[in-house]
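Input: one structure, supplied below.
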Amino acid sequence: MFYKRSLPLIICFVMGVLAFCQEFVAHPSADAFREEMTTWFRIMGGFAVFIGAYSLLHMHVTRIRQRQQGWGYSAFVFLGAAATIAAGVVEEILKGMGTFEEGKSFSSFDWLYDYIQVPCGATIFSILAFFMASAAFRTFRARNTGAFLLLAAAIIVMFGNVPISEEVGRWLFPNSSGWQMIFPRANAVLMEYPNLAAKRGILIGISLGGISQSLRILLGIERSYLGGGE
Amino acid sequence: MTRTDRIPRHILPPVAAVMLLVSLCGAQAPNGPTSSTLLVPSTPSTQSTSSTLTRPDPATFRAYDRPSDDGSTVAVEWGLSRSEGKDIYYVVEIASREDMEAGKFKEAARIPAGDGLKSDQPKYFGHSKANEKLHYAGIEPSAAYPPDRAAIKAELGKDLGIKPDTMPGDEKLRRYIDNEKLQRYMDKEKAKRLVAEQRRLNQCPYYFRLAISDGRETRYLEENGRVKIVSASARPNLLKLFKANNLVFSVVFCTIVLLFIRAARRGAALFIRKIAGLEAVEEAIGRATEMGRPAFFVHGLTDMDSLATIAAVNILGRVARRAAEYDTRVRVMNSFPIVMAVSQEVVKQGYTEAGRPDAYNPDDVALVASDQFSYAAAVSGRMVRERPAAMFFMGSFAAEALLLAETGASTGAVQIAGTDAYTQIPFFVTTCDYTLIGEELYAASAYLSREPRMLGSLRGQDVGKAFLMILLVVGSLLLTFGVLTGIDFSWIQHILEPF
Amino acid sequence: MPPIEQPASTKTRDVEILVVVVCLAAFLLTCLLAQWPEGQSKVSAKGFGIILAAGLTLIMYSFLYRDNPLFKAAENLYVGVTLGYTLITTYRLSLKPDIIDPLFIDPPTLGVFAGELARRFVPIVLGFFLLTRLSRKYAWLSRYSYTFMVGWGAGIGIPIVVHTFILQQIQPAIRPLLDAETFRALTPFSWLTLSSPALWSIIGTLVILVGTVCVLFYFFFSMEHKGAGGAVSRVGIWFLMISFGASFGYTVMARVSLLIGRVQFLMEQWLGIAGR
Amino acid sequence: MKITPEATLRRQEITRRIIYALVALAVITPFIYALPVKFKPMTLSKNLYDKVESLKPGTPVLLALDYEPSSMAELQPMSIAILRHCFRRNLRVIVMTHWNTGVGLCKDVCEKMAAEAGKESGKDFVFLGFKPGYQNLVLNMGENLLGAFDKDFYQKPTEGMPVLEGLRSLKDIPLVINIAAGASIDGLWIPYGRDRFGFDLGAGCTAVMAPDLYPYLQSKQLIGLLGGLRGAADYETLIAKPEAATKGMQAQSLTHVLLIVLLIGANIVYIGRRYYGPKEA
């Protein structure tokens, strides 16, 4: 129990206090300590990736084993991962043998990245552009004053941000160069005053919440990071 | 250097008290200025009697360890001269002990007159008015006296057991050691030792003298007919005093939060305002009852370790209880097994509290799908099929928020959302009838659960917010008043200055 | 755990998919292991790549019509490739240069090896502890790794948050409504004209001040928002809504940009219709 | 009036698909018929450009490209434009990323731009690749840059590289430009980098994040900001080399107009119905 719960909480507290204090210490030993610790965490960061990978693979293994709906698709995850890892390993071996030249030899690893990962990754969130258009027409409504203000601001921003607003400005006010830029300027003013003020308010609120959460973690009041178990 | 002159006079008493404490701690740091003045016979310099150059008051010329730093810099300061103007500049010269005895000085800094004032360095010296009348140069001695690279290399070779005549690159060595590896290792190690050596050199005693020049003639600062030489060595200081405001704020704020958490644990009645979205929950369930259709509760896509999910579960407790009382079916959708288990427990408890444990159906709490778009598609499908009369979206959402809320709105249900994902709030606001924004979600959860941890933190944060709001309003008003009347209130900005 | 509901008709389909997967896998692996040389065969790797990329892009967009097997397959393939890529790059750029090279490749002498090992021993052990989270029995060991990281992060986080998000943000927010120079340059009533910069500067500063304070007050929970408080909080919500509107507009812009990026790819690289 | 769920559903599906088709049309048309678009760069973009322009040749600049394929449409044009500008000004360019899924994109843009400008890796620029650690990596670089990256992406030792000559830590770098999706700017480079080590920070971000960064612009924690594709187009205009982003502005304009029309039209009908139409049961 001591080793499983109390000692980790004590270490957390001690580390936290040390980390807090080194911020206020001018002595070079504080810098040295910071460098040492951040080197540690940088190295440990490399291991953390494997946990994420494992839990993802594990999820798909479970899906296949339990024959959950759409379990066949999980095979594609393994296919993609296996192909990429194989390509990467082959490349490392070739590099070790000296037959692979960076930038000259054909890299199947880069090929998989460029022609599978990049197009899929780049496309998946662009689908939302369609959904937004449909939602804009079907459901985004000025239900109350707040939503009205929101939509009005959104329209100003959406219009002011694209070049066509300058064309429209020129068309509406062919003679006054000040008024021609009215839409981009409206956008800038909206962003730099009311938007800034609100974002700053939110930011300060979140920060205070963040500090109190850090404090709870330090003192062992919040301990969900320890994971389950006793 | 006195460190009190960066602390403004008008200051809130508690802040002053803590700062005083900090100052006292700082005074114990091994940074006593080790400066002394030496006078050596004036060396004949290019002096002419027809000079228009007036030298600054020699009494103001001092060198000392710069406070609040890591021991890399010696501060040199002197008063303004009467002949400051264009083309006139000061030269600070530095010498080690041996060089000083031999009369050899090197140029360490060249400061144009009218520039390089001590008041330009509020980080180390504060905003005292007196600083505007002093010039300042921060001198890093190792720039003038760099470490001896050859010596470092020789020493490194000795440590590795390599004789200086078989250093890497040498034919003899290449025969039995992987030369390239050794070279690389030595490069790295040398760089490391160079830094250490620089640090050591910075902290040796050095001697400084000051000259004023207009490009044609140079006149050294003299005292009693001799060139005035001052000496000092840099020392690492213990505390960064310029961060005192940060320390005070952090400590005071953390203490307040802690005190409130303790108070909440002891059962103090901490008030939380009514939250409009929560009131609407009752209405929405009432409407679902009237229409005889179910209510949907959709969790966000984070596991049980996120604050938003914890808050969502607390709100689910209230929803389930009301639904049980009104005899309306509530279906919970989520994507993590742990969240599902907790949700089942909470719903069951809600039914039990309402006195209808038999009406609880564990199948109403379902794991729908695990990844983002499948989740959105699956939940949307159910919405369309079952046409719920009330929808609750609680937790942390990402891009799926848009899809969920859109489908929900198109079924005509009353929708209530709550999320701390600020990027998704716009979509909820335009598609839902009520939205709990950011911290409101946590507040709603604390309001319902009365959990001391959340309640205390919330109240502590409120105190912080109140303090900052008052500071903003009062500070701005005082500064405006200051501009109108000419009274200097800039200390308000100075105590908040972040470094 | 109750099983996720499953329509009966999908079962046969899963088997079909599996067959397709195996065929694809065999094809791809042959290509890869043969280290497909650029330019030697008639279909260059790049050309085939662009066709494949265009195909995947179109498959992704087929989700707009309805959720379909091809979309799901592409999505899962993407997840897999990303996973493999992450693992390999992490090995290449983190584990290899930080652990393997300095310990086993670079040290010229045994003494240097010992020194490097001593420096890296704790983080490597903690790194392995991190992996115990995957075991049920030894998962508690991973707590030691987390506790170091979380403790450090929380401790350093407090002063950094105060510095960056509170002091740095509050300090520029506290300022006089008009600065001393503008004030001195003012003649009576001149600031009342619409074109006077002083007037606009006062309004601007005031908007930021009022907005920040009102938004903070909206998130202030220790007081009922009634009367004056209610008014302040209402102004706060208006400011919030305007800022959400700005976020909304920018989010729409972002998604449209992503779509444009894909269309650009399809039109220019795949179809070869070069726009102007 | 009783409408079956199926009928409603079908009607909704049809509307939905018409709108999808309209959006597709709005995006594709400008690639076939070019629209005339002229625009003035925004002040925020100009500020960043001016900063880069003011640096003397040989000044080190760190480019942190923290994004992955999912936001490359917005950010890759920025990286291209900024790298081109840096190389044109003969700055010493150091490139890195915090995202391991973005390594390939960074490598691509580095190699292409270097080849275009005739720059040599290790001498004129260096691509450091990826390291895990996020804020710890930034702190680590702030103490010891070469310790954090003792080899570059191509596994060449960084010690002794001419491009890194005299650079011990982030304190020696006057300008960092962070092009980022996600919380990299306000979560990493401002608190752990800029505010501690004192360099100037310029940023390019996805449009989603841009509104959140305005407070830092006013407090001078950021010296300039490129927001989304528009920011990229601005930068391309500023360096007089219009490419993908500038071309994309035509489609962007058209699609925004379409969306605005849809939004306003639907809301006018909604408000009209709500105040003048029959009340819902």
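Side notes on the structure shown:
Going in written order, the chains are labelled A, B, C and D, and every chain counts its residues from 1.
The rule is short, and it goes like this: a residue touches a chain if its C-beta (ideal position, glycine included) is under 8 Å from a C-beta of that chain, and two chains touch if they have at least 3 such contacts.
Being a predicted model, the structure only gives us computed values, none of them experimental.
Where touching is counted per the definition, the chains common to chain B and chain C are A, D. Chain pair with the most C-beta contact pairs: A-C.
The greatest centre-to-centre distance from chain A, using averaged C-alpha positions, is reached by B. The geometric centre of chain B is 24 Å away from that of chain D, both derived from CA atoms.
In whole angstrom, the spacing between the mean C-alpha positions of chain A and chain D is 14. Between the CA-based centres of chain A and chain B the separation comes to 21 Å, rounded to the whole angstrom. Of all residues in chain A, those touching 2 or more other chains are 20, 23-24, 31, 37, 39, 41-42, 45-46, 48-49, 70, 113-114, 117-122, 124-126, 128-130, 132, 134, 136, 138, 140-142, 146-147, 150-151, 154-155, 158, 161-162, 191, 195-196, 199-200, 202-206, 208, 211, 213, 215, 225, listed in ascending order. Shared interface positions of chain C, i.e. residues touching 2 or more other chains, are given as 4-5, 63-64, 75, 82, 85-86, 90, 94, 98, 152-153, 156, 158-166, 168-171, 173, 208-209, 212-213, 216, 219, 240-241, 243-248, 250-253, 256, 258-259, 261-262. In chain B, the residues that touch at least two other chains are 184, 243, 246-247, 250, 253-254, 373-374, 410, 422-423, 426-427, 429-430, 438-439, 465, 468, 498. Across the complex, chain D is touched by residues 64-65, 82, 85-86, 89-90, 93-94, 97-98, 101-102, 152-153, 156, 160-161, 163-165, 168-169, 171-172, 208, 243, 246-247, 250-254, 256-264, 267-268, 273, 275-276 of chain C.
Across the complex, chain C is touched by residues 17, 20, 23, 27-28, 30-32, 34, 70-74, 100-101, 103-104, 129-132, 135-136, 139, 150-151, 153, 155, 190-192, 195, 206-208, 210-212, 215, 218-221, 227-230, 244, 247-248, 251-252, 255-256, 259 of chain D. Within the complex formed with chain B, the residues of chain C that make contact are 1-2, 4-5, 63, 67, 75, 106-109, 111-112, 158-159, 162-164, 166-168, 170-171, 173-180, 183, 205, 209, 212-213, 216-217, 219-225, 240-241, 244-245, 247-248, 251.
By the touch rule above, chain B contacts chain A in their complex via residues 68-71, 199, 236-240, 243, 246-247, 250, 253-254, 257-258, 261, 304-305, 307, 338, 370, 373-374, 399, 402-403, 405-406, 409-410, 422, 426-427, 429-431, 433, 438-439, 442, 453, 457, 460-461, 464-465, 468. Listing the residues of chain D that touch chain B in their complex gives 5, 9, 12, 146, 150, 157, 159-160, 168, 195, 208, 212.
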